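What follows is a set of notes on a single structure, which appears directly below.
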Amino acid sequence: MLELQAVNAYYGSFQALFDISLTVEQGEAVAVIGPNGAGKTTLLRVISGLVRTADGTLTMEGKNLRTVPPHAIIKLGVAHVPENRRLFPRMTVEDNLKIGAFTPSARKQFKERLKFVYELFPILAERCAQFAGTLSGGEQQMCAIARALMSNPKMLLMDEPSAGLAPVIVQQVFELVHQIREKGFTVLIVEQNIQQVLKVVDRAYLLEVGSIKASGSASELLGSEEIRKAYIGV
Amino acid sequence: MFDIYLLETIVNGILLGGVLALLALGLNLIFGVIDVVWICYAELVMLGMYAIFFLYVKFGIPLILACLAGIAVVAVFGYLVHLLVISPILGTAPINQLLATGGLLFFLQSFTTLLFGVEFRNIGLRLPVLEVFGMYISFARLLAFCTALIGMIVLYLFLARTYIGTAIRAISQDREVMVLMGVNSRKIYLITSAIGGGLAGLAACLLVLQYDIHPAIGLSFGPITFMICVLGGLGNMLGGFIAAFIFSQIIAIGGFYTELEWGYVIAFAVFIVMMFIRPQGILGSRS
Amino acid sequence: MNKLFYLIGAIVLLALPSIGVPQYYMHVLITILIWSFTYTSWSIMGRFGLVSLGHGAFMGVGAYTVAMLWNYLSLTPWIGIPLALLFSMAMAILIGYPCFRFRIVGHYFALVTLALSEVIRMLIMALRDYTGGSLGLTPERFGEGTSLYALQFADKETFYFIALVFWAFGIWVWKKIDTSMDRYALDAISEDEDAAASVGINVTRQKLRITVISGVMTAFGGILYGQYLMYINPHTVAGVGVSLQIVFAVVAGGMYVAFGPTVGAIITISLAEFLRVLIGTAMVGLDTTIYGLMLILFIIFLPQGILGAIIEKGSRKKAVRKPATAVGAAPG
């Protein structure tokens, strides 16, 4: 579904990603794991068109994403849940979800999408008239994911969903990811919390200092000695 | 003890506040969403006034239609201002936008002088003065106040209920994320600019009922509008609304006890003092 | 190389009156010199991102104080001028201190200064019994019109030298600041106030100091103008119009180079005079129409001004370090 090949990305003259190649098949859940500053967020920004790449291929279902303007990426079915949630703090939960369904095709199905999302996340239904900025960390993450789902995406990009959340909440968030998978959504997650994320995905890539250092199934990576020593500290 | 003239002044102050609030709303909308200050905003109003004048007086079009046309003209102009002047320099330092709109102010004032000369013009409408409880209230002013209020309510409903309105509110809270939602910010900015222009056009309709038209009329209420916006917290529409009435009261009452100009001087002085006490404005937030 | 330029320039400028330049051109030259001085004074602040839309206030206070003290209290400008400069300094501190202490910058600062210039203009109008309101004020002529006591000089040649001296002084101050340590402090402040403060720069004091210098010099520009023209009114020496005119000229000429504001003055005044000669008073406002249009075009296409662009093209070898303000788009 999503395919990157030999993608390089720069911030000005600083190169952030080196020769990245990865794929995500339909229905899969794939993780990109790695330490701080590895370029994980950059990767997602490249896919969403916020950072332009000079070369390599970047396609979604065969369509070349590099020539698509950033605000049109969502129309191709790629919804991005940004780092730190980035909700609209002084707008209600429902208004936030409204913006999630901004594209014309999503707007037509707004009522159905809203129903779907409220069923998936009943707490949001309760808090629908509350300002998003007043929600708890876990609820905000829920809202951010829900907002992305409003556009009826084919694939969800999630940028560090566990960032800044208490461990108990983190558990809940990954439960949510699992639930979303069950509903049939394809997911690409970028995460620092390797232990938790490897439990809910099929495959993963290890990104370090802008390059992919390893890849494989989740169980393979969980079992790998290097990763355990370097990141899980076991 | 009860001074009917003072009460009359207060009431007139409130009525004046209505139109000022409308002006402040337009400026705040544009600043809150796009993060630019149109120094030439009052000159857009002036354009609207001239448009209405010519349509009504020279071409004999009915006043209501002339006013609607005036609103449309300034709305289009607002759109063009963003498209041609603001958009090319949007990413650069804020002073560039101030200077560019400053240049536009110059240009509009002078160009109007060239076209229409410096004489004062008036649409010649003599609206009655009402007597209410012994106070003399100008009907034009009352009409202007009510229309301004209606305009503001319409704007509020638009922003709160419609899709585009919600998008406009959202973009002022988080610009970057909007792209991920599939929103073309440029389109939203253009729409916002057009709405800002439309509000200026509405203000023009209201002012043209009460005042003479001349190229420098922007100076009469432009700086005041900025003061009101800053006083209320730049970009904060509710703050601007409240500040407009505070300001208009100071002008009215100050002018009541002394001469009109002193009213303005006091208002400005109060503004400067307020800047020291609360620099971010009454409802503004520290950024 | 530079020194030679300056020497030749100085000789030419000093010799100018002697070669018999017609009175009209002398007048234009003097006007250019006086306004150059004012524009340079503004740019001392403007180049560091402290964009004031209120310098009309300083000009007004300077010009009106001296003229009024002379007309009503028969106070010689020898005393009147220091008093006026003191007033402007007070005004600069009064506005500057709260602004800088409370971190009022950018839009807010510009609008506050705009308020200032309008207050002064309103004040002048409100005091119309003394200032003559919009009709303006004429300092009373002393004797034949030339007097050291009244600091009035009827013959253009004398005033030319006076204007020249102060213009040169203005450039000197500009350069002095440009090569001082404070310049780097101010550059740092304009890029990132917090970072500057954290390395020990006293942000408030630096900004206040440059504001006072700029304001007082501008006030003096207003005084020069008043004493030369022997007529002032609130629209030519105060208010938003003047403030914007100053900004435009500096932007057109080049805000980051010493002679930029002077070039701006040459452009604007020559244009105005040229149009006046060509079209007469038939098309009042044509020059400002063109200024307005030019300002917009300059900001979009040539933010470093004409002189700035020329210098940049000419000396690519000497990497001119330009501050971050007003040039180029922010990253991201």
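Some notes on this structure:
Residue numbering begins at 1 within each chain, and the chains themselves are lettered A, B and C in the order written.
Rule of thumb we're sticking to: contacts are C-beta pairs under 8 Å (C-beta built on N, C-alpha and C of every residue); 3 or more make two chains touch, one makes a residue touch a chain.
Since we're looking at a predicted model, the values are computed, not measured.
Among the chains present, the centre nearest to the common Cα mean is that of B. On a Cα centroid basis, the chain most remote from chain C in this structure is A.
Counting contacting C-beta pairs between every two chains, the top pair is B-C. Here the CA centre of chain B is 31 Å from the CA centre of chain C. Here the CA centre of chain A is 43 Å from the CA centre of chain B. Distance from the chain A centre to the chain C centre is 55 Å, each centre being the mean of its Cα atoms.
Within the complex formed with chain C, the chain B residues making contact are 31, 37, 39, 85, 88-89, 91-96, 98-100, 102-111, 113-114, 118, 215, 219, 222-223, 226-227, 229-230, 234, 259, 261-262, 264-265, 268-269, 271-272, 275-276, 279. Chain A makes touch with chain B in their complex at residues 48-50, 69-75, 79-80, 82, 86-91, 95-96, 98-100, 102-103, 106-107, 147, 151. Residue ranges of chain B in contact with chain A, taken from their complex: 163, 166-167, 169-170, 173-174, 176-185.
Within the complex formed with chain B, the chain C residues making contact are 49, 51, 53, 95, 98-99, 102-104, 106-108, 110-112, 114-116, 118-119, 122-123, 125-126, 239-241, 244, 247-248, 251, 283-289, 291-296, 298-300, 303, 324-330.
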